[in-house]
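Multiple structures are listed underneath, in structure tokens.
Each of the two complexes below includes subunit A, the first together with subunit B, the second together with subunit C.
Let's turn to the complex of A and B:
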């Protein structure tokens, strides 16, 4: 349907159907097509899921644009290529989707593709004086020896645009002016939930602007993946968002299984779904603990950790790991569940239902907690979609975006559960979404735990897995939003490019929008309710 | 009177007379001053250790934990002394680009304010250290030196975090001093005296909180809230606000310089509770109920300092309970609470108490 619309505008659009449908559009027409798709009446493509930078070698540099309609759930992938490697230029779409503001910076950082008319073309993960673009296939690994000098952050940024005669022109934009009182929140700070740095401009206690600086723990996982075989790539997904370890790995396994045509046994599907939900409860309990601690209440912190410990014990018995479990495998799971697993999970859920009221008594109904959260940090639904804030954050703003409901995978179309949606969009709604989701996850597990069928827990796979050529994607709902895997295969036993959608990157980007005008104390509370995890941003 | 069983002043007078008989009076006074000074400092340190230990155990109980349990037997009794020893051996790091004199002065100002206030507490009958007829006034004056130390610490460290912490603290302490002052004034109206010993002795036939009924109870609650804010403790600990400003105004301090801030914080907690005990719960005065002479006599057998310390620790426990239950307030909420609610309310309470006193409605 969308494809017809595109071909009606530009008949020369190339459509490739290997794996996912990818529509290749000429770079100069990209902005026009994107605008048409966004402003469509009945099926607006208003959610830019991700921009995936690519180096196709001979074909040139470019990017994949993953679009989705929040109204119908229809999805489409656009591909734009520029052949000039020295002066790679693409038009920006940041005026259409705000999330492109940060995602195009990521592509610029790693591929050196300059986005025309993007107001802020700075590097985001790497040092500002980095030489070369590391995700290009011809990048020289020795071009950046370890530097011991400090990095100076410029207060100015560049914007590029084309003159009518086709020459490139630059302009300087101001990030922080002379009279801005800039405080560094991070990279070593107790409440940034990892090594995140936010340059925060203050007016007294009020926040004027936040500029996130990322990459302090970037490990180049996507680059490493290009030299690892498919079973080897699995080891790294648990290290992305370590509080969604099962779900991340589930997504990658699903993507590879879909591409290789591997049928997953029913028993493995049950186990995967239960593990995903246990992981979600684990993550939301930690969210509760961290949020209350960020707000200065240390006692409820221990409540959350007490119950989380029980989940970790259950994980440990079956998988051998507590934080990082390495449990999902291509075609199933690593090992069968422990004989006492079902009983322990049932006992745990019974226990959790009996203590969850304590959580609400000590924090939710506390007058200080209420005044600190209600009406603070409001994110409108339009902003949430435009910024790509998926997961609980988006659902708190009234955007029904649960992948489990709208694009079901594993057993989610067989179980009965509610999608928790609040409309207020403030910190309190974001908090309540997670608290309610704990109970929904319990409900899902209860439907499955007694019905795990007998049989294989893992399908037999070939020792060496080779995927057919094409672009493959899969998406799951992790503990903090939509996690996508985009895999381009050229028929080898290693991926040509394997990209993960970061659930946290749009959330960190949203900090600036949400926090403006709020107080420093609110910044911490809002950061807590947005619930980002840094290793998932710094992949 | 049975009350005089434990009166210390005859004993102290005898000692003074004895010293004066063997040496000139100026020497005797100097010697006594030295002994009392050492006594204050030792008490100060010992109480700090007890309070820190208590905080750890109370906090652990609220958080479903055990608390210190390794160093010094099962109760972990030696944990805090060990920590004190550790902090004494830590290096005091001096900062580049800071105002060295003010930086070094700030912790001493904070601890000085704390010790001066500490010396005014009525430990026992005849056991007061600083005695003057405007004692409670002196307490208010001395305790506000502390904020100067906090502001200087934040300013001289030359760091943005400390500056924000210090400004927060300054705004908060100066605001809450109004409520404290007004609720103290309420009790001064009630007892008709500013001398701490007179206030305590006026409670011989019933503590002020019972005698002053409604206005006294309201003043007590206002005092506890404002005193908690004065002592910079949760939910009013936004000057330190670990999660926002790492450690607030003392971020850049190390070793014993930091130790002074830490010590002063705990002792300020004790002093806040001690003044509350003096004003509302009768100080060292045993529990007396008018008319029940048998009970009053039994109560008199318990020494005054036991009463004082017992009541003070009870209030310290209340304040710890609050700290380990509530999340932190935001700066604008803290100031709203003071200026829009507590301060007008304490003015009303003061008025109410005056009316009660004038028409003889207090017991």
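Let's turn to the complex of A and C:
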């Protein structure tokens, strides 16, 4: 349906159907089409899932735009290419979707594609004085030796636009002015959940602006993927968001299985779903522990970790790993479940149900927690969608975005569970979403744990897997939002491009919107409830 | 007279440790200059205190930091060994525990924090990434081992290491501190430079 709309505007749009449907539109018409799709009456494409930069070699540089309608769940992928490698230009869509502000900076950083009329064309992950664009295929890997001088951060940023006669013109925008009082938070800060750095400008004790600086844990996973075979790429997914290790890997396995046409045995599907949910409980327990510790309460930290260790024991028995399990494989899982797995999971859920009230008694109904979380850091539904804040953060703002419900995978269409949605959008709602999801996950596991069918736990696959040409995607709901895998294959045994949608990047981007006007003392609590993990952002 | 520096840890025998050669070497070098009776005894007392109250600067960048948090919780309880006090300011820390990958962008920050710490200071490299780059060794943005930037005292391998491995590594550091000469040694080193 969307494709017809596009072809009615530009009949020459190329449509490729290998793997996912990708509509190639001319770069100069991209903005017009994006606007039409966004402002559609019945089916507005109001959620920009991701912008994936690409280097197609001879065809040029460009990007894939993954769009989704929050009303109907319809999805579409647009492709825009610019043939000029030296002066790669694409129109910005950041005036339509706020999340493009940060996603386009990512593409600029890695590919050197300049987005016209984007107000802030700075590097985001790499040093500002980095030479070259690492994700380009012709990048020289030795061009940037380790440098030990401290990095300077510019207070001015560039914007580029085309004059009517077609010449490129630049203009300077101010990030922080002369009279801004800027406080630096991070990168080595105990409560930023990793190595996030925020330059925060203050007006008294009110926050005026937050400028996140990322990349302190950028490991270049996406570039490394391009030289690894498909089974080898799996190992790196666990290290993205280590609190969603199972789910990340599940997404990549699903994507490769879909492309290669591998049928996953029923038993493996059950195991994967149960493991995903255990991981979610694990992550939310850690969220609870860390949030309360960041706010100054130490007892809940011990509560949360007491239960978390039980999950880690269950993981360890079956998978051999505590934090990073390396369990999902292409075609199934690595090993069969431990004989005592089912009993231990049932015991754990029984135990968790008996102690969860303690969690609420000590923190949820606490007057300090109430005053520090309720009504603080409100994110509206419109902003949540425009910023692409998926997961618990979006659901706390009233945006029903659970991938398990709207695009079911594995066994989620066979189990009965509620999608937790709050409408307040404040820190407390974000906290409650996660606490309620713990119980929902228990409910899902209980429906599956006794019905694990007998049979193979892994389909037979070849050691070297070659995927057909095309673009393939898959998405899962990790502990903190929608995680997408975008894979472009050129028929080789290694991916041409393998991109992960970071669940945390939109959340960090949202910090600026959420915190404006809030007190500096609430910054850490707001960041805690947004629940981001930095290694997943930096990749 | 010969210094007999104790390299054992309570409840763990000398033979149970795997790398004892470097400690024996340290004791041998200590004995080469002869031993001080008064200073040596005071040294021993100071080192006993130092080794049992190691305050670490937490420098958690990724996965290993979560395992470090598990160490602080009730099951593994690192307070038993006296290093439960974690400091977030380098000025107050005795050692820096590098947990997780160090990237090119982070390397100057790490060096700066290390330089800010007061002597005597120690570095523990935790996890494959800090030791050698680990799974990301071929990446364009990862430092292949923090020993290229700062001197490392103890390496704890693993991805991430088990909590027991953390303890083993920390006990090695305690043993190392116990055989060090504290009084005089540090100043003399500075003069040489």
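Here are some notes:
As a working rule, the second predicted complex is superposed on the first by the 539 of 539 C-alpha atoms of A that agree within 3 Å, B and C clash if a C-alpha of one lies under 4 Å from a C-alpha of the other, contacts with A are read in each partner's own complex, and residues count from 1 in each chain.
Throughout what follows, a contact is a pair of C-beta atoms (placed from the backbone, for glycine too) under 8 Å apart; a residue touches a chain by one contact, two chains touch by 3 or more.
Note that the structure is a prediction, hence the values are computed from the model and not measured.
Of the two partner chains placed by superposition, only subunit C is touched by A:227; subunit B is not.
Contacts of A:302 after superposition on the shared chain: both subunit B and subunit C are touched. In the superposed pair of complexes, A:368 makes contact with subunit B only, with no contact to subunit C. When the shared chain is aligned, no partner comes close enough to touch A:413: not subunit B, not subunit C. Once the two structures are overlaid, the count of subunit A residues touched is higher for C than for its counterpart among subunit B and subunit C.
Residue contacts after overlaying the shared chain place A:7 against neither subunit B nor subunit C. In the superposition on chain A, A:235 makes contact with subunit C only, while subunit B stays out of contact range. In the superposed pair of complexes, A:423 makes contact with neither subunit B nor subunit C.
By the touch criterion stated above, A:189 is placed in contact with subunit B and with subunit C alike. In the superposition on chain A, A:39 contacts neither subunit B nor subunit C. When the two complexes are superposed on chain A, the residues of subunit A that touch both subunit B and subunit C are 189-190, 301-302, 306. On the subunit C side of its complex with subunit A, the touching residues are 58-63, 65-67, 69-70, 72-75, 88, 100-101, 103-109, 111-113, 135-136, 138-143, 148-149, 159-160, 162.
If you check the complex, the residues on subunit B that touch subunit A are 59, 62-65, 160-161, 164, 168, 234-235, 237-238, 241-246, 324-333.
Residues of subunit A that touch subunit C in their complex: 125-127, 134, 139, 141, 144, 146-151, 187-190, 194-195, 215-221, 223-224, 227, 235-236, 239, 242-243, 286, 289-290, 301-302, 305-306, 308-309, 312, 322-324, 534-535. Across the complex, subunit A meets subunit B through its residues 181, 183, 189-191, 202, 205, 292-299, 301-303, 306, 362-363, 366, 368-369, 371-372, 519-524.
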